[in-house]
Each structure stands twice: as C-alpha cells, then as structure tokens.
C-alpha cells in the first residue's frame, strides 16, 4: 500500500452490510468506503447515496475488478462467502468476510489457500473477540494469568426470533454458535478439541421443528488436555441480546460480557431496574468498529489479524461436528487436524 | 457473672422492642430473654406470651429490681432513654440502650458516669456499625488500608414516612442522622469535628413543616485535619430502605451498604430487575443480631462494646449542632471536647 | 408432638455435623440439641461439652433408643446414610439426613418407605434451595414468572481440594453435583430428565486419576420437553466457594448465587477489589440455618419439608446415570419413573 | 451552511486540544478538522502533521480569519476562553468552547451576547452530560420519571495530582467542580440555586496550601424549592478517574457513572478484581465524541446544543459563589438571575 487510507468496497447491502458500511464511512480511521455492491437492484445505490459513497454496483465482479479498491468487506448470505473470498483474493483484494467464512471444510481450505497465494490479508468477522471484555479475558488467559483452563462457557442468546421461515436449517451452529466455538477455542489456547456433543431442539417455535429449524442448543466440547467447554444458544431472549463468556482455570476465573452493567441504574417503587441492549449492533458496537479498524491497520502495516481464516476453519470444524452429533444423537470425535 | 447465659430484661415492647425481643429469645447465643416491661397495659404480657418469656411487667422499676435479671435492653421513646440508663445502672444492670442514648449532653454525661460508677457494660444501638459492609469498611480505615480519610459520606433514607403527626420535631437529627454521625466519626478516626452545617426542609410532607417536622437534610462536617464529611437523610425513599457509606482516603475508597445487591437477579422483557429491602429490620437483620450478641459477649467476658456511651455523646454533639445550625441558618463551630 | 421444642439428636460429629450442632444449639428456633453420637471415642463428648449438650453417645443405636429425643440429624459418611435413616425411622424419630440420602436407588426406596411407614418427617440436606437467591429463583420459576424453562445451569466449585486420598471414587457426582441435579430438577418443574451425558476428568490432581478420583465434570441433561440443563463442578476454585444457578425461560432469565456481591467494595491503586467466601458454611450459612429451622417447623406443624426423600431419589438417579455415562463414554437414557 | 461537512479549526494544541483534534479528525461524522492554531511555535504544526490536517497557525487571529473554516473548537487555558469566544463569534465562526467558558459573569454575558449577535452556535464542553449514564439520568429526571428532585450529588475525583505548581488558585471550582454544578443544575430542572456553601482544603498536597491551591472540596447548594445538592471534588483518587452522579426524587433514585463496571471481571486467589479507568479521556471517550458530534449536527441543522453559553453562566455563578464562600467562611446567597 502506498497510500495511507484503505479504500474498501462493501459486498452485500443488507442489515449487517449497512452497519459495516456506516462504520467504514464514519468510524474507522484508516479506511474509506469507496464502493458498495449488491445483487438486488437499487440496494447498493440507496446505501451509497445515504453515506455519500461514490460507486454502487449490482454486479459483484465489477466491484472486484475496480482498481481503485484495495479491500473488500463481504456481508452476503453465509453460503456465498467462501466463493466470494476466493474471487476477491484472486482479484488481489484484501478480504474481510463475515462469519461463517465457509460452510464446508473444503471450501474453508480453498479460501485460506487463495488468500495465501494472493498474499492478501484475510480476516473473519469474529467480532466478539474485539469487545473489551472478551479481549481482556482472552488476553489474560494467553498471558497465563488464569492458569490452565479447565472449564469454560460461552453463551449467545439473540433477542428475538425474526420470522423463522427463511432461516436455513443449521443456522444455530453455522452462524450463531460459530462465535462461541471461536471464543472457546481462544479460551483454551494450546488445547485441541477432540469430542463434540450437541443437543438441540425447537423450543421457541416448535411449529418450525419439522422444517428443520432448531432454536435452542447446548454443545459440550472435550479438549485433548481434559478441559471441558460448553456453548449455549437460544434464538429468543426476551430481555435482550445476551453474549457472555466464562473461563475457569487453575489460577482463577474470568467473566466477560456481563450484561447487567449500565451507567444509569434506576431505583423505584418496584425495586432496581437496569436497561439491557436489544441489538447485537448496539451491545457490540465498539467491537464492530474495532475489528474493522484492525482490518485497515493490518493492511496498512502488513500484520496478521487476530481473526484469521484458520480460526474460521477451526470453529467450523466444531459446527460441522455438532450437525453430525444432532443427526446421530451421540458424541462425535474430531479427527486430528 | 457466674453463669454462662446473660438474663436480659427488655424495657419497651413497641416495634423495635419486639424485634430486639425476638432476637434475644431466638437468635442471640449467650443471652436469654427473661422479662419484658412496658407501661402500656397488656403490651409486655402479649409479647412475653408470644415468645414464651416468663415475666411481664407494667412497672419498669419492678423489672429493674428483679434480681434474676443481669442486663436490660432499653427500647422506649428516645426522650426517656437517659433516665432509664441511669436507673438501670444504679440497679446494677448492664445496659443496652437504643439510640439516641440521650438528647442533651448533660444527660449523656450523667448516663456515662452512672454506668462507670456501677461498673456495668453500657452499649448503644448503633447497629449500622455491626453490619458486614460498614464493619469491614471501618476496620479497613482503622487499619490504615485506606490511608488518611479526606472525604466521607453517610446516607440514611427511610422507606416510607409513617404518619408524621407523632414524630417529634428534631427526629431527623436526633434519631435518624445520629447513625450517620456515628458512622462518619468512625470513618475519620483520630480526627475531631470542628464545624457543622445543616440544611433541612420538609419536602416529603410540606404540610407538616409548620409543625416543625423536617424530613430531608444534608449535613456537612469539617474535621480538625481538614477532612470533610456529608450526612444525608430523607424520610421517604420509595425504592426501600437505603443505608450506604463511602469513605475516600489517600490510599483509596471504600463503599459500604450497596443496596443493589441481590442473590436473585431477574432479567425480563423490561430489562433487569433487582429486589430491595423495605424494612430496616430486614436490610440490617444480621447487624441487629450481631450487636446484641456482642452485648452478651462483653458482659460475659468483661469486654468493652464497640458502641459505647462516649460514642453516643460524640454523635449527639453533632446532632445538637445541626439543630442550632438550622435555627441560626449558619455553620456552627464545635467547642473542644 | 405435645411440646413446643423439637429435641434433636445429632449423629456424626465431624466437620459438617459440628456445624449443624452449632446451628441447632444456637440459631434454630424450635429446636434443641439434646444429644450427640459418634462412633469415634471422645468425638461426641467433646462436641457436647463445647455446646453444653447433656448427652453424648458412642453407640448410635443408643441415641436412636433415647426416648427423650424426637428427631435425629444424620451427618455421617455418605454410604451409611440410608441405613441410618431406616433405623431412625423405625425408632420413630423424625429424620434430617445430609445429602446424599442414599447411594443406590434401592436404598433410597427403602428409606422413603421406612419414613412413610413410621409416619415421620424425612428431610434431605439440599441446603442450596434454602439460600435466598436460589429460593427466590425457584419460587419465580414455579410461579410461572420466568415462562417455560428452556436452558438452565448449576455450578459448584469447591474452594480447595483437601487431600484427595480419602475421597471416595464417585464423590463428584454423589456428593457434589447431587446439589446441582436437585437444583436443576427444581429449575425445570413438571419436566422429566430423559438423557444424561457426563464428562469428567482429574485436572486438579491428575496424579489421583488412576485411583479413580475425578475432580472436574460437566453434565448435560435433556428433559422430556426438550429443555436442556448443564451442571458443572470442580474441586479447586482458588477464588473461593462458587455456587451459582441460571435459569432461562420463555419469559426471562434468573440468576442466583452471584458471588461478586459484597457490602464493602474496595477501590485502590490496583483497581476494585471485592472479597469472596472461602467456605460453604460461610457462603451458605443462612441456608444451613433455614433448612434446620424448616425441619423443626415441619415436625411441629405436621408439614412436608421442601427437600424430601423423593427429591433425594430424583437427584440420585441422575448421579448414577452420570457414573454410567462416564464408564461407557456415551449419553445414558433414563427409564420412566 | 451549504455543504455537508463542518470545517473546524482547533485553537489550542495541548493535551485536551490534541484529544479533540483526534476526535474531529477520526471519529466525528459531519466534521472535518481543517486547521490547528497554537501560540507555541511548532505545536500546531506537529499536531497537524500527525493527523494529516492541512493548515497550522501560530497566530490565532489568522485562523479566525480563515474563510475556509466554519467553526472553531477552543481548548486554550481557561482564562483566555471568553475573549476567544467573542473574537470567533465576531469572525462569524460557530464556537465550541471548553469549560469554563468564562471566569467572570460579565465575560460570560459578553460571550453569550456575541454569539447571539453573530447568529452562531455556541456550545460549551460540559461533556459529562453527553455520557450515556448521565444523559439517561437527566433525561429521566426531565421526563418526570424520578419525581421532584429532593437530594442530588455529583462527584469528580481526578486520578492524580499532576505537579500542583502551575495550577491556578481556584481551579477546583472554576475548572473541576464546574462540571458538577452543571450536572446538579440539570438534576434539578426548574429549580433555582439560592444558597451555596463551600468547604475546601489542601489535603493531597498541604505544602501548596499557602500558594492558594485547594485540592479537596465539598459544596452544598440549596435550591429555591428546598432541594439540596452536594458537589464533591478531590485531585488525587489513587484508584482512577471517578465521576458519578446520584439524584433522589419523590419517585425514586437514579445513579449515573458507576465505575465498578467492567466487562471482564477477574476472580483470583485474593478475591475479585475489576479494572478502573485512569484517564478522563478514557472513561468519557464516548462522551467527548458525542458532544462534538452534536456540535456539528447543530451547525448543520440549525439546532441549539444541549450545553449552551447560558448553562456555562449558570454553573459559573455557583463556582464564583464557592470562592466567596471559602473566602468568607460562610454560606453565600445567590441573587435573582
């Protein structure tokens, strides 16, 4: 890079894409949003107009061919991610890809290889690790302050089940718990997951169970050093967005993401009331900005981001084992990696 | 004492007396409630019956003359305390007296002298210092862990203004803030209060202001080492009983009595909800038992209680200065003690 | 019962027995500790002397035959509980038995039957449900305030691994997690556990693994309505005794037993510091008194305690399934009850 | 304004100026930092270079004459503020001025009048009201949710006393507590302060007391409706930057700015540890960005900022009364405004 600002093109102008676009346009030092692409007619243009971005494309490849773009941010539906990562890398663009980066291990391997071959930065949207609490916990674990991890836990509860109809079948593992798997892998540095057991059911919307939609799950992971981790997800927490982690080791315990923290506590006739966050983009706003800031920084300084394609593959391996575990109703052993 | 249980006679069978009676009968190791006295016909008998206590008196002196009683607990109206302390001491009984022990310094001095002459234990009901949080804070201050105190604060907010009609005029200083003055004196060990400024008003029930009832107050105390303390009271906190302390010194800050702590936190559609205590006898239940347990212990082991007649006098001196400050609308200097 | 105080005989004068003895002697209204028995010569006598209790036995049956005893509290090693419950019931005594009440389902059934036949109260030491936080959470769940339970969690972490040598092999399930199983069953009222999967290892003291001692475990329980629960235990939490519960339902989430709550928060040069409890008898002191108070109350008023022999059997069923699950390294289905 | 971005010139490139510059350059949508001015040779240029800003001035008036600047942000020493506000307004620039906007009421009135005459936006740096907790509390008070305010409190404790030598004499009132006065005025909407009593001393650095430096203060404010407020400041809190507010009214209590909130709680052998903020620009980072974002927004949309010149004058009036109160050692009555 011979200029000081990374010119980013966004692919996918939906809810999450729009949020990334706003951050890139307004809050990320070192980056400039220069183009938006979306297959849906008008979507890219509307977003570009709103944020004062110069170019809008309905042809994704056209954006990839744009020589005035240094990097892309991919925020399209999950199943399209891997091919877009590969195409972007082949076009010589640095790549930020929303999670999951891929939905098969083969795809993941090809995406990693493509980025490596092209010599571009490949970062995956594990934003949770960029939030202050999780970042501090993981950092303390890696520094040995918490001793050897023995037990760990990661929770994701979404605030409301939007219409379940269009949600793909294994979303709870591939798109939701993938965050928790990534977190737990970083809560257990140096350990390798060797067994996965997943229980899952449709408790929020039992009427969608026969369509394959699972909205509640608990996953148990055993590591090769004996440590045990649990991941837990649910698609409808009436009290808001709930993302927490806990890591217990030989020297202590760390808790990240406590949501009962507010800078305005209200005491009234019914007792004490504290507000909660209702949106991931609200609870984790700083983390979303931080990951994109790191993306720009890594491109400008030739550094490796903390959430890589390998991280994406590692978390995916567990997600895929969960699917197998639910299908077979038994624990699944992971092969050597 | 040549037996292992202190035989206590209670004087005053009202709300607080009944509560002390229950503790003495059921929860205080080393003490046995053996008699109750109350001027109001039937009151002592009813309480004695309820708790299985043998003797009930309507003649207070009769209880003081009872040779099978080692100690008395005084829970009558405030203005009767000092004379009862003196009479009890003269009868050779150890004395636990609810706060305020006296309402004039002259009374206080006579009560202290009477106990000294009789060689009996004299303990005053500054229960707050027996609650876990305040006890720990005061202990840390005295151990020097917090450095030299520079700023301190004590708050008392009662949960509901019972009918203000029968409340005596200066209750807010003599009966409520007296706790806070005692606390602040212990937050500033070794320092002497030299100036008091009190603001007070009738904000909860303005209609009783012309009867002299003040329900809201802030008191500022300056110590001879420059440290500054504030005490704050209000008679109607809709969210419950609120008793907190904060002491800031050259090495840190200690907070005691945080009320937003509950062992069952509820997260629901409106956010997070935490219950509060609605009664002093609920919030400070353990402290009430602890002070009475210490009373029995001091009698049995010949030790000095941590809340003495001198403490009562010291807090009263500030309360009386508050009254003068409100009357004269200016700060009042305290004489040398 | 034709008198107003329950006369209790304690069986077992070890650490927990001594603690129960102290509570019975000093803190439990309605009960009086009148005898202590322990097989070890001198142990009962020493405890009786310390607490001023009249009788001490080294012959347990002699205590059971004592006609001046209404009830017994059993605090002997776990494997002797069931036979003592049966013997006590046959002697016409009401029975409080420390957990686990039995270590086989057959024993449990015989103990329940013996109490029923004798018409005596049988209460089991699931003290956790008597702590304020857990009691409030369970009460809210039963009242429907939290909706239908979908996910729940219970954690027990002991503060320090005493010498592992004398700890029997399956202690983590039969004596530690039995509390969590009981809690989770009450977090899921009306649901029946149908599958149990247990992972366990020796992570604190790997050198004792070949002796069969497991010190770390995660158990997953699936209920017949699809709800999923996890129980988690570890024998060495360096930060103190850690007992927490969380129950997530269609209307909200409840958290019980948060240990980061202290009434004296210290702010100093290193940040903020809060003290923790180092002993179960410290963290749960009130709960221990409350369960024994309920025991006396149920005897005096002919009521059923909230922790019954059936509860003991239900939790035991899960503990036994855990042992099977660890041995077979797979999930275990529970039969119909 | 006929363009969509406000071009801002910064005056004063010291610690706070540099921080505002960074925010304007990187984090404030709607604003662009286009020039920096500082009297000290090289200071403006260095800051401009670091942030990629085009113009640097050592002549402040030159910046004010720059026709490519729409607005200025003033971050010079306090005593220069008012004249710079006036000069900027006369040059037709919108003005953001760090607190205090003026150090005499006459200056304040002239500054307010200058902005009014010029028709420019005048915003004052009361950043605290832009932090989430204080903003929510003030909003709830204004909406009546907390009832009528009866008691309120505002605290500022700086983390470390930098060399006291260059600190002007009345800094604690004019520069530190001015934030608290502003906050308390907004905690008591509709009420007018009528009496001020200030105690102040040099407790952190007694050796500087004879130079007039006061580092510790408690101020009591009485309002015309009887409500009472306290403001408290200290220049050396070893545990970090401490900014809190509490407002108690007839319907409840609100607490803002609790600093014992961290998203990574650490449990270790010494208990529980929570990190604190050591810098105002760290604790209140979001508030600094929010106030500048509002400044740009008000300019672009012709709206009135929430922290105006009138607010600055109101808080100053109390600060000046504090000085008088300390000098005369008595409460000071405020005249009608």
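To keep things simple, chains are lettered A, B, C and D as they appear, and every chain counts its residues starting from 1.
The criterion applied here is as follows: a contact is a pair of C-beta atoms (placed from the backbone, for glycine too) under 8 Å apart; a residue touches a chain by one contact, two chains touch by 3 or more.
Bear in mind that the values here come from a model prediction, so they are computed numbers and not experimental data.
Shared contact partners of chain B and chain C, listed by label: A, D. Farthest from chain A, judged by the mean position of CA atoms in each chain, is B.
Centre-to-centre, using mean CA coordinates, chain C is 56 Å away from chain D. Distance between chain B and chain D, defined via averaged C-alpha coordinates, is recorded as 41 Å.
Under the contact definition stated at the top, the residues of chain B that touch 2 or more other chains are 237-239, 242, 251-253, 265, 267-269, 275.
Every residue of chain B that touches chain A in the complex is listed here, in rising order: 237-240, 242, 259-260, 265, 267-276. Residue ranges of chain A in contact with chain C, taken from their complex: 147-148, 150-151, 153, 157, 195, 197, 199, 201-204, 206, 216-218, 220, 222, 225-228, 230, 232, 234, 236-239, 242, 248, 250-253, 329-331. For chain B in complex with chain C, the touching residues are 4, 25-27, 29, 52, 131-134, 136-137, 140, 145, 251-258, 261-269, 275.
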